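The following pair of complexes shares a single chain, chain A, combined with chain B in the former and chain C in the latter.
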Partner chain A sequence: MHGRVKIKTTAQQEEEKRKEREKKLKIYVAARDACFSKRNEGIWDDEALQLTQQLLSSNPDFATLWNYRREILMHLETVKDKDEVQKIYEAELSFTESCLKVNPKSYGSWHHRGWVSARLPRPDWARELTLCDRCLSLDDRNFHCWDYRRMVVKMSGVPVDQELAFTDRLIGSNFSNYSSWHYRSTLLPLLHPESPEPPSPCREPPQSSPPPSPQTHSHRVCEEQLLKEYELVQNAFFTDPNDQSAWFYYRWLLGRGMSIGRSVCKYEREYISALLCFVNHKFFVFLTAEREEMISCVYVNRDEERVAVAFSRPVNAQSVGLFLVLDGQPQRVEWRSVHPRFKQSPVWICNLPPGTISDITNERNLTVHWTEKHTHRDCALYTGRTESWCRDSATDQELFRSELSVEKTSVLQSELQSVKQLQELEPLNKWCLLTIILLMRALDPLGYEQEMLAHFRTLKEVDSMRSAYYSDLCSKFMIENTILKMEYAEVRVFSISDKNLTTLCHLDQLLLVTHINLSSNHLQRLPPQFAMLQCLEVLEADNNAIENLEGVYHLPKLEEVLLKNNKISTLADLQTLASCPKLKRLDLRGNPVTQTANVESELAELLPSVTDLLL
Partner chain B sequence: RGALDLPHGSVVAAACSRVGQRVLHVDRRSYYAANWASFTFNALLTWIQEHQAESLSEEVQDRSSLVEEGEELIYLSGSDSASISNLQVFCYISEEAEEEEEPPNTTEEEEAAQEQGEEPEADQPQPSAPPSQSEPTRKKISYTQLEKEGRRFNIDLVSKLMYSRGSLVDLLIKSNVSRYAEFKNVTRILTYRHGSVEQVPCSRADVFASRQLSVVEKRKLMRFLTSCVEETEEHQAYNGRPFLEFLREQQLGDNLQHFLLHSIAMVTEDTLTEVGLTSTRHFLRCLGRYGNTPFLFPVYGLGEIPQCFCRMSAVFGGIYCLRHSVSCLIVDKDSNRCKAVIDSRGQRISCSHFVVEDGFVGADRRVTTPTRLLSRAVLITDASVLPGDSEQQVSLVTVPPTDGRPAVNMVELSPSTMTCIPGTYLVHLTCQSVGSAYEDLSPVVTRMFCTAECQDQENRPAVLWCLYFNMADGSGVEPEGHDLPSNVYVCSGPDGALGHEHAIKQAESIFLKILPEEEFCPPAPNPEDIIYDGENTSPTSTGEEEGLTAAGGEGEEKQQEQQEEETSLQPEE
Partner chain C sequence: MLTGTQVKDVIIKPDAPSTLLLEKHADYIAAYGSKKDDYEYTLSEYLRMSGIYWGLTVMDLMGELPRMNQQEIVDFIKACQHECGGISASIGHDPHLLYTLSAVQILCLYDSVDAIDVDKVVDPFHTLFGVAGLSLLGDEQIKPVNPVLCMPEDVLQRIGLQPDLLS
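Then we have the complex of A and B:
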């Protein structure tokens, strides 16, 4: 074997490594014990610094040791002069840097670095930014680094436009990066805020001032910048339509335009809602703005001496300071939600003291005050009328077009064209289909109804894992369309039969409906929210799969319930009907419950008011 | 067990040494690897001189006295200068007045002009140039400066790139030879089209960022590239039909078709679909391993690669002799095997295998003579053909064939590759020869660069100095194409392809003929695992200290190498 290089055998290597490991462990344990006992004795000296450094460089996630280190450093701050402290902390920075090389995702090291940076007498933020950039170039999704970077940016007041350029760079090198897109969504409203007077051009904030926090700002962006953003994000989803990050950002963008031609004050009091996405164990919250909170409807019924109030979002009327004033006289009333299940509800009802409004010859003026939000709504009950209401309809509020429709129609139209173009190339891409649906709804929900339904069918096929989600979403949109149609027709009849509904929603919008037709859908239950239909007289729900009637609860005017061919199987399921005092007609044909022994007599006992029972 | 070996056989040498063979590596020149070598600017000038001097003085010494009973001699040719021809040099920075567009018929006078090396006025602004118009920052570099800083150039005679999943990179990683070199990414791929240079979007990030493509084109391109990765029935249906036809039927549009054909597949219009697709797939597989393009380039030039293998061979006991050549072989008549060689000093050296470069094999021993030539041009320019955000771009530029002229591959190296001085770019042009290198390549050069004082085209980079030559195309040489003893192996010179597949395949096949039982370039052991003579078993390293103060190793600029290979691709010391 002359001339051949001799190489250690694996057994030899193993043995050596084992011995080395043992040796290391001994040293490690000894150092750790030394640290702990020193800390117990309250010793804050250089030796302790060295020991912890030794241990932390091999295991940077030892939180106790970092804490001990900070105790020592805080002690040193009190005994050393400023220059020495600067030196110590600079050494600390280079030490954490070396720890980050061992584990770039070490919580302890990043936290310590942040702590040190904040205490450094003369911080070098530029250096910190460079470090972050290097770290992100190695792993652009290291959220520890993102968090640290945000702190650095805040402390050093990096101008917003510079930060935007930074996200440009990161997105350019890899656009599948939620962190970058999300960061953009927080920067854009700061850099190019929508000006308060809609038609005036956008103005830039003075760049020297530190960036204000996103929460204090409008979440709208001026049109010029928006168009650029649309282009950027389109490039991303045309390049890779299966990448969700760009689509999420696009969804956020589409709500950011100016509200030209609409009353500005309506959007003055916004509160924040969010588009959430959960990626890599980290939530990204794309903040969006929403409409002001208000009382959307007050309904009063003379016969029943009852008032129902609907809110723009679920509230707890018992704790938000809701007052009822009748002809200038505050009334003591007890607010209750429509169903005992709800602590928070968009609809609340109360009974007026007996006799207060029963005289039909009197005109009555009601005001409901929502003191917490400094808002109120009046409602006049005129002479000779048995009921009255005052409300903003869903159409008035443009409720169902909300987020996207604040955009100018022309912008939305051209966005729809682009996404349709993509869909021609990628007919089976779910993100593309879903976005088309959303854009169509923003533009013309009724006009695009058939196309929307066709797209939903495709979605259910290409993404069968989520077919139930798409069914529910489609149900929601169909209900919205039906509400719009009903309001245009100015009727109180809500008819949505044979539309493949799988779920019911927006029931708070149906407060005034007297007649509902849900026949021939795929509903499995009438949920507790159904009790919001306080004016309902006729319920048609034949040919569904309803097995639960929880929501048919205390509906004071309900007279007729048609439930032919459903899945009601026990008498107990019909129990809630007993709470509807005026129920006269009940059709239960084709339900398993009809097979129960003595069903007729049992029902007669359970529902004495029913005179017309079909079994 | 002497084995003896030449140029890209350095790979063979390393492979043989690695498995314990004794290797003697001799080279007639003062540097390794012949046409694979890199030269400093000054060394290149010397090389040019040597080749222009036409060394005919090679007299063949009679070595028959050294021949024993039953042996015969085969004389090797003394030089391989035949592989280089049509050498022409132009310098555009010394005496501007004399340099005009038309090709001078001789090169000697320019050479002479260069050798003088004095151009005091080169630094001065030209009176004819409107100073306000041209970029004021572009500083003229003088010829003296080129010569003075000539050592900082590393000019390759061959122009190739390394496919990041090609056989050379695989071999470098597998054998641990990569530890002897560093690499840079080729940062972008450009193409010449409609009279201008455009960037070819080839990675996902490029496509996203591209400003020339419409969003629909972006989608089509991404879709096409994705569909190429796996072979489909649709692809097979086009077997035997031109790739261009296949591309046309994908409804991609002119832009994309151009990019795909010339810059991604890098084939010609008549290439068959299956070949085009294979080449596209290879390109795509190489993308993203180390960067946004499929290619790497060794820092300090391609000449580093044979050097690395030589070093590996030397580490494992190979002996190296420069300025030393083999003049003839001694062949055993009975077995028709080469028993020994006789070197230029008349010394007889026994060997059991002999590897030689094609150029040294006498014409009488050739069954086929290589006729194919490559046309090469080497330019030193003052700016990039497509200035970008960064000045340190390394670009591959594909120039599609025009008017019967072949497609040209152009590699533009920035100073970051350590092949040229700051303020300059080193540009290599390569194509299959139709005429002389000058005839083939100067039209491209004049179209894309500014060769004289053409002030009207100040946007184009100016050529400071350039060299044209033809080189034998090694891909025409087959190891079997010679009438030689069975244990003499011929390796070819460089081929015209962009990658190194041909050379590496040849090296491996030679190695397997010599040592059929052995593994080709197994991983070299880590230095700490090697047992040196007289060393006892205890390791010398102080492991525990290293374990606890892991701080060291500052400044690992982000290497192009992927993390998994990072250790194997780091320089040894």
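Then we have the complex of A and C:
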């Protein structure tokens, strides 16, 4: 009957859909195979253009077809005149535009457009900028578009201040704009560089002809402009304290003008560079906390005839040209990392042939050479002394404090005041709290310790979903502070008890420690990195949640291990302790493992050196 | 309207599953390669090598790598290495850095880097190939890279992340 719509059953609909997709697939595969075979035969004709166009319209990420298309176009360049080529390439631009409508994030389409623009006899860069504006208005975070815009700016010589004004507009209309802030961060140093300093021998190429590109420029910004930028970004986060992008830009800014002294305490430098793009007038340190590469400590011990070397970063001793010279004689030694898991490690050990340094009446002079980095460290082993070491002294850290010019500290101080003001208005804002903590650590990590802990407590309440992250971060900062205190006191005892520690780090700094107290914390494991504590004699770790002792591995001087009230549950968990030959005293009270059958006899067999066992 | 880049936390409902459906994931991936008559599958041919890599790393993390057809995959990779040394995403496609790296990563998972002409791979791409690729091909000067997570081993150690098998 007329006018009656025939209702299909679901099964029929499914079947129809399936048939349609099969058909679609067939067409696609036929076109693709045709393309491939034409290309193999070296055919560059109109049909090839049609076929690739057909396929790329629905699948613009099919990179091989863009390659083919470019081959065809380059061939046409050789057989057509300039006007025809202009027309062809303008048609290409339209084509890429339609592809971009399908997928504005297609690498292939953007790349092709860039390629075409560069080859157009008469390019229209203004139009390209307009395209970028349109595209960014739809999605201001499309990095493809930003990259394309940067290319257009470069090719057409748009002046930097015009681009800066562009970011002004974007930021003014919508503060939250990571990409705009980021772009601004690349433009600012070009437009308002800090006054030139004698070039660093290490990294910076001599500044010759303008315009400097973001890649080679020093990334520093002059003071006057910086202060204006602080105001701009403070407006942003005062207006909307929940906007992440302004906070990140702010943190980047804080590093732009700093000329902090040459000798920098390792921790200040690490998190200043994490917080601020730290720029030292002698060495450029960018976003990553890259320390000066050196041997930070050499330790030698006559008893085990053992040498331990600590580096400023993990290395593979086997491949960096590490060698040992004793009293002017090179020694053939085998370097090993502290744990079999590590091919890269900050600490490496070796043993000297027996009898080499065992005679305590002889003074010996040891040098460790890191040939790859043209650096070395000496260590004198004196008569009558069983052990000796040489490492960065705490005095360096004092140097840091006094070299920090008052002017620059005051900038950090005033920023801290501003953010604290905001924090009073917005007590639940996590960005404020986190930024305050980081500023405090940059200013005076030990002095601000109590305040920092208070802020972390608030932070964990305010942003409870990330409380584990904050706990770990706070643990890291407390460990740093404890290391600083230990160095000032010039002792080899590391005591960090009852500090809510959830994780361990910087273990490479504890090479010389003889006593460690980790009791009453929330640690779950002593990870393989713990094996870097090569001088450890006493390990106190009562009242934690430790179930894993992987890192208590081949510690030659370890005599006492206190693990009362932890979570050691099986004998297998205690296996690694067998690698510590001097282990005498072991406290396992309050651990599930004590409930294992025959635990005493099993342990006697596993750990024969232990004479004082507490269960 | 000033909305700012807000932090968008997801609220996980209390009755949401608390375990991964590992068997189902493994079954899905194991069956994925046989979808040769599927439209979307064919369209994504341009990244096939990477797709295989992603599937294999997941299977490896689940301890299910043996379910995949190693020989077939290695043969496929061989067929995708071009004269210049570079490797394509699929047969007939052009060689590309991305898929050369994926292929090298796959071969590392299978400890079969020698199935391809290694010298040829390194030579044309040398400076562009990237640290990860060169490291996986055994360059001693470069720090080791974990092929499953494609991150430097020392970083993984520092953050305490080892790709332990999921159980």
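Some points to look at:
We take it that the second predicted complex is superposed on the first by the 399 of 615 C-alpha atoms of A that agree within 3 Å, B and C clash if a C-alpha of one lies under 4 Å from a C-alpha of the other, contacts with A are read in each partner's own complex, and residues count from 1 in each chain.
Methods note: contacts are C-beta pairs under 8 Å (C-beta built on N, C-alpha and C of every residue); 3 or more make two chains touch, one makes a residue touch a chain.
Keep in mind the model is a prediction, meaning the values are calculated, not measured.
By the touch criterion defined above, A:N174 reaches both chain B and chain C. In the superposition on chain A, contact is made by A:K24 with both chain B and chain C.
Touch criterion met: A:N316 reaches chain C, while chain B stays clear of it.
Legend: residue contacts after superposition of the two complexes on their common chain; A:Q234 is shown touching chain B, with no touch to chain C. Judged by the touch definition given at the top, the superposed model places A:S358 against neither chain B nor chain C.
In the superposition on chain A, contact of A:T611 is made with neither chain B nor chain C. With both structures placed on the common chain, the touch criterion links A:Q50 to neither chain B nor chain C.
Once the two complexes are overlaid on the shared chain, A:T383 sits clear of chain B and of chain C alike. In the superposition on chain A, A:N598 makes contact with neither chain B nor chain C.
Chain A uses residues 24, 28, 58, 174-175, 239-240 to touch chain B in one structure and chain C in the other. Chain C meets chain A in the complex at residues 2-7, 9, 37-39, 42-43, 45-47, 88, 92-94, 96, 140-141, 143-144, 152-154, 157-158, 160.
Considering their complex, residues 1, 3-8, 12-13, 16, 20, 23-24, 27-28, 54-55, 57-58, 94-95, 98, 101-102, 134, 137-138, 172-175, 234-236, 238-241, 418, 421-422, 425-426 of chain A touch chain B.
Contact residues of chain A toward chain C in the complex are 21-22, 24-25, 28-29, 36, 58-59, 61-64, 67, 174-178, 239-240, 242-246, 314, 316, 318-319, 341-345, 465, 503, 505, 527-529.
In the complex of the two chains, the chain B residues touching chain A come out as 20, 22, 204-205, 207-209, 215-216, 218-220, 222-223, 316-317, 525, 529-531, 537, 539, 543-544, 547-551, 553, 558.
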